[in-house]
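Heads up, there are several structures right after this.
Paired with chain B in one complex and with chain C in the other, chain A is shared by the two complexes that follow.
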Partner chain A sequence: MTAERSAALHGEVVERDVVIVGGGPAGLSAAARLASAGLAVTILDEQPELGGQYYRRPAPAVAEQWGDHRPDGGRLIARVRAAGAECRTGHLVWGVDDDGRTLLASDAAGHPVRLRARHLVLATGAFERVFPFPGWQLPGVTTPGFAQHLAAGDHTTIGERVVLAGSGPFLLPVACSLIELGVTVVGIAEAGRPYRPSLRALGALGHPARLRELAGYVARLARARVPIWQETVVLRADGRDRVSSVTLAAAARPARPVRTVEVDALCVGYGFRPQTDLARMLGCAVRVDVASGDAVPVTDAAGRASRADVYVVGEAAGIGGVHAAKARGLAAAHDILTREVRETVPVAEVRRVASARRRLARFTALTDSLYPGPAALLATLAPALPADTMVCRCEAVRAEEIRATAAGSADGDLNATKAWSRAGMGPCQGRECGFAVAGLVRSVAPRPGAGDGESRVEVFPSRLPVRPIPLATLLELAGPDSQEGDRS
Partner chain B sequence: MTTRTADAVIVGAGVLGASVASHLARSGHRVLVLDRGAPGREGSGTTAGNLHMQAVHTKRPGQAVPLDSARFLPLQRAASDRWETLEEELETSVEVRRTGGFTIAETDEQCRELHDKHGWEAAAGIPTEILDGDAARAALPLLGPTVAAATWCDLDGYANPLKVTPAYLDSAARHGGRTLAFAPVRRITRNGDGWRVVAGHGAAERVVDTPVVVDVAGPWLGEIAAMAGITLRMTPVAIQMHATVRSSATMSHLVQHIGEGLSVKQVAAGNLLIGGGWPALSMDLAGRSGTSLDSLVGNVALAVRVLPFIRDLRLLRMWAGPLAATPDEMPVIGEVPGAPGFYVAGGTYAFTFAPLWGETLRCLIEGKPPPVDISDLGPGRLMVPAGGSARDNGLEQENPQDRRSKRC
Partner chain C sequence: MTTARGRTAPRTRIVVDGNSVHAVDGISLAAVLVGERRWSLRRNPVGDDPRGPFCGMGVCFECEVTVDGRPGVRACITKIYDGMRVETAVEEEAPHDR
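Presenting the complex of A and B:
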């Protein structure tokens, strides 16, 4: 009956063997392998170009003048296209149809597209983990990812004197990219204490490439005389029309200033959070990752979710970096090929990918262990956040309002706090403030809603649409009559 | 697990539970409100929050029986007066907006219905005015060309549902009332002349002895009554709402449709809320009900036809919420015959009726005459004799999917 109704909806329905959402390293790796085995594959990405975060394509003019900063990304994209995968860029997947399996997308012009496949691969990546502080609304304050995009995509700098702050290995390559563009990186404030003399020794030990890479960045920053202030966090940013200074504090005492630095840009980020809206909307089971406090989809080694026709790969399944994302994409591709029995994947190839995946998972665990877990960080930062800090920028909700709601009748329930304070109800749908709101709720009402599993998942529920979509797109689904504004 | 006492135990911290708690606490009763989850998160947290003062369209999409408007309207009139003074009574703003509303008609038949409706309203003392299409567009230029006629009512409005229930609970708390969240009621037994209510699990278990139990558990109203051995015929359904991003266009009136499921308004923050009783995809009384794309598309197409400017906005989010309907679509309120001290109240449009029903329940519990005649609205008409089941009594457990049937 549902299928009947849906058939009455207008708009193209694409039928494929595999539909992949997300054209980053994970989705591209899966697409290349599946399409080269002859499956009908469609890969969608909301961005105008494939590549995702790591392989983001430079603007043509930039590429001409400065070259491609990541040529391997360009080669991977070319392989995907050559293998015959249908590439739909500028396509946002914003929901799931009433049948629970047809994806709803809109193309660059806002026209609706519906897609069905025997296997869905969700490779939707991650978004940056931010935590508010007084002054974070000032122009010139951004995330490290944004600074990186400007640097890589447009060859443009975020500022001339920049402080990077937050936590995690990602701050280091961003600092290096900025230095390459001639920016003065005044310093890096890292909330944890990962950079000890032993790091380099560690890197040399078991050939963990990622640690060696980190050690390399540390060395480059040392040559540029960029100080790394460890166990340091941002207390506040000041400025009139734009940020002009940042005041830092010791992470252990996040309310007491230790130094103020003049800057014209400030980038703050605490790593990444998996983007799991679609997986959750499709009904895939999630579990809470204790260290990060994030909800991550439950998957098997091949990335297969609790729903047999859905795979979640790359950062969407848990943060692990570009190499892990590629390995996960390939593992899912192998699993699908095996199930489709069109081709037996050579045992050696399967083994190679599986062992790379395991090795990378170990390295990820090792690097993660160097940095403070986001959940623990949140527990120290949230109580220290000044009462009048704007936490939800979309709806202008301050920390004290969130605390009062959470401690009051919401009784520690994250979603009740959201509903009653409006934090997370704006156009970003809680992607920006969700982490902080969860921390504030927990800091004033430590008792999670009387022990049922769902309420311990510290993320806002996934609701259609994944991002705000034009009503005109929906009208097109309703059919031509509605579009003309006539009686139907 | 100690036994406590209370003058009244209220099961359900929705808008009705919160209202009756406030009314009872303010007149000196020791009340305890129990909710299985966070307060006000079910029907009362997902509602459109419209204050329906002119006649509501008599059938939601898919609804089996039309509402008896002639009987309903005097109650709406009485509820209207109470919303007038609510913010004063609660000592806080709950964003009550009484900026009036239109009910529009597009077809000849709907125009005729509009005239009938106008007649009932006049009889009940609710002032409405009939406008032809052009006059309606002159009054609200945002209305589209298909609008053939409309009624206008000054009293229509809306309030912020996310503020009303908490404000009632705060008011109860200021007068000594207590609310326990995450304390699901599990057992209700006779205890002498009164009742013993057991809520919560394990170490958090509460046992409360009380002469009065008020069952205002919304869609779970029947389930709670059953704990006390009372079988009531109620039909829980789930319907959905759609919200756009903020719009700079200003529309301060409520717009509804006489013949189809539509209600549109712009809330204080600038977002447009579009609803009208379109069915959710699924009802999940244990968790969150699922939303339906078909309903979204149908509701939005209708909204754009009536208010074309909406076409240029973006959909921000949608959600579904449960509500309890009686088989005759009329509210249920009163003491359960044969179960002294056990009161129930609920049914659709309970948001509009919350101030009136809170006061009415207080009067009933105190043995005073209620402010409106509710003698025909008691639970007796919904009772199933012991041993019978709802199904034996001809109540069709309606599949929410079947509610899709009626469309434009």
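Presenting the complex of A and C:
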């Protein structure tokens, strides 16, 4: 028996200066900075290796043969290890002890581990926002993230003929990864109209480098002649034990078919939702983000939550992308170092990170404004969802049951609807259906009078002003050889 | 299919429902199965309909299989190793034995 396991069994606790939950870009950035300053830092992650979803490491054999798609992730992980941070991979943090601060985890072999720290940094990341449609439970229907992991990490194609659908910038790099592997991307169905050949948005472009990345993807898709069907959503998927076709509809009339396409895989996602369970468990205050309808932890500029010993950084604090995640991780590290008084962080370094954080927040707001806000989308899609659609995949609960429960015994209450209908009570704990169930409840039992956050989302499904990036601008940013090809 | 896969990359042999499958060392089990176009891995306990990998990051539990006798292993966050024995809960109509 290892000393560690013995400690856990005897009720002893691993005591550290800082414990970081989540080994993605935000957690790694915080860990590298804190450990290099000499603090005792432990970083935990559920996955077998550090990196999170964005920096998920390819298998060594894959990296050697086909290259490492994100070598900067490997370098950041190496820095964390070299700085002396204790890296516990395969560790799932599953709870908080009665004292409200000791983390309960299990190691890769399932053995319990208890950890306590003066400062907790929660960098638990995000998961994909999905919305159901008839047939979404068929094998072969996945999230875009799964297709991306298969392509980039495992050099494996998700199918031969694929449609990507949903909304948001993430669909573009996934399509490019598939094309690189020789997959036929039949088309991309985007619920909004972000790519528009108009000049209206030019004045708002505040972060050209990040836009150039987006532009590069658009250019590659143009060269490969992949159509982007805008203001288009999935109406249903069909197939016998496996998806074989997808039928699309106009976003404004989500019940009327406009096109059916044969596929052997279909990847649908609407961006990402913050993973906030641990922050909630620790009693951190959350607020409802009006545009997305998601609950996000209340934090200050340094990421400090309503509890002084807890920081929430990266996507868990609100979706902002990898650069914002890293800046937030560093800002939390600076704050902790200042409080620990062991080191004075150079003023220039603090300023640099703070300014990057603000700049990236502006860019995130700009990008968000290009795509339909999730709360607004939900208000359109939820009422149109066919009655027999399986909304909760785990418990096989259909839209009609959820609507009936919400309008009946649950009286418009989301949690009561969950309890009565069992929607959201399966192994995924409502992560896959939660967004849709909330939308269904609101659509049949709106409570405009109540003043809580959920109701404000119902009353103000406010989408941010749409400021589309001109397609021509994106192509131009990408370079002169990308002007061919057209969009539908 | 993944025609470029593993021309020279070191390969590992695992056993899926009694059939040998060769794949690149250290990739995820979900990738091996999807690469073989073996999509149906389990049956939904309520409706008994076939299910396959969905989220690819350990959230949805739709890719659970039995590995070396241990049930409920999420294929998407499990890396393969030589001799791994995998059982799915769904009989394929035409097994992709190769």
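Following the convention adopted for this analysis, the second predicted complex is superposed on the first by the 425 of 488 C-alpha atoms of A that agree within 3 Å, B and C clash if a C-alpha of one lies under 4 Å from a C-alpha of the other, contacts with A are read in each partner's own complex, and residues count from 1 in each chain.
Everything that follows uses one rule, which is that a residue touches a chain if its C-beta (ideal position, glycine included) is under 8 Å from a C-beta of that chain, and two chains touch if they have at least 3 such contacts.
Treat the numbers as computed from the prediction; the structure is a model and nothing was measured.
*Asks:* For A:P427, is the partner it touches chain B (first), chain C (second), both, or none of the two (neither)?
*Replies:* both
*Asks:* If you stack the two complexes on chain A, which partner ends up touching A:T142: first (chain B), second (chain C), both, or neither?
*Replies:* second
*Asks:* Per the contact definition in the header, classify A:T157: touching chain B only (first), chain C only (second), both, or neither.
*Replies:* second
*Asks:* Can A:P446 be said to touch chain B (first), chain C (second), both, or neither?
*Replies:* neither
*Asks:* Please indicate which partner A:D98 is in contact with in the superposed arrangement: first for chain B, second for chain C, both, or neither.
*Replies:* first
*Asks:* Using the touch definition from the top, say if A:E395 reaches chain B (first), chain C (second), both or neither.
*Replies:* Touch status of A:E395: both partners.
*Asks:* Would you check which partner chain A:G67 touches, where first means chain B only, second means chain C only, and both and neither mean what they say?
*Replies:* Once the two structures are laid over each other on A, A:G67 reaches no partner at all.
*Asks:* Of the two partner chains, chain B (first) and chain C (second), which one does A:D413 touch, if any: first, second, both, or neither?
*Replies:* A:D413: touches chain B, not chain C.
*Asks:* Is there a shared patch on chain A that both chain B and chain C touch, and which residues make it up?
*Replies:* Residues common to the chain A contacts of chain C and of chain B are 395, 427, listed in rising order.
*Asks:* For chain A, which residues are in contact with chain C within the complex?
*Replies:* Interface residues on chain A, with respect to chain C: 46-48, 53, 59-62, 64-65, 127-128, 137, 139-143, 145-147, 149-150, 153-158, 160, 181-182, 241-242, 390, 393-396, 426-428, 431-432.
*Asks:* Considering only the defined contacts, which chain B positions touch chain A in the complex?
*Replies:* Chain B residues touching chain A: 37-41, 45, 106, 144-146, 162-163, 166, 169-170, 179, 181-183, 200-201, 204, 244-245, 269, 281, 287-288, 291-294, 296-298, 300-301, 304-305, 308, 310-319, 401, 404, 408.
*Asks:* List the residues on chain A that touch chain B in their complex, please.
*Replies:* Listed in rising order, the residues are 1-2, 5-6, 9, 95, 97-98, 104, 395, 408-411, 413, 415-416, 419-420, 422, 425, 427, 429, 449-450, 454, 461, 463-465, 468-472, 474-475, 477-478, 482, 485-488.
*Asks:* Within their complex, state which residues of chain C touch chain A.
*Replies:* 1-6, 8-10, 24-28, 30-32, 34-35, 39-41, 44, 46-47, 49-62, 76-79
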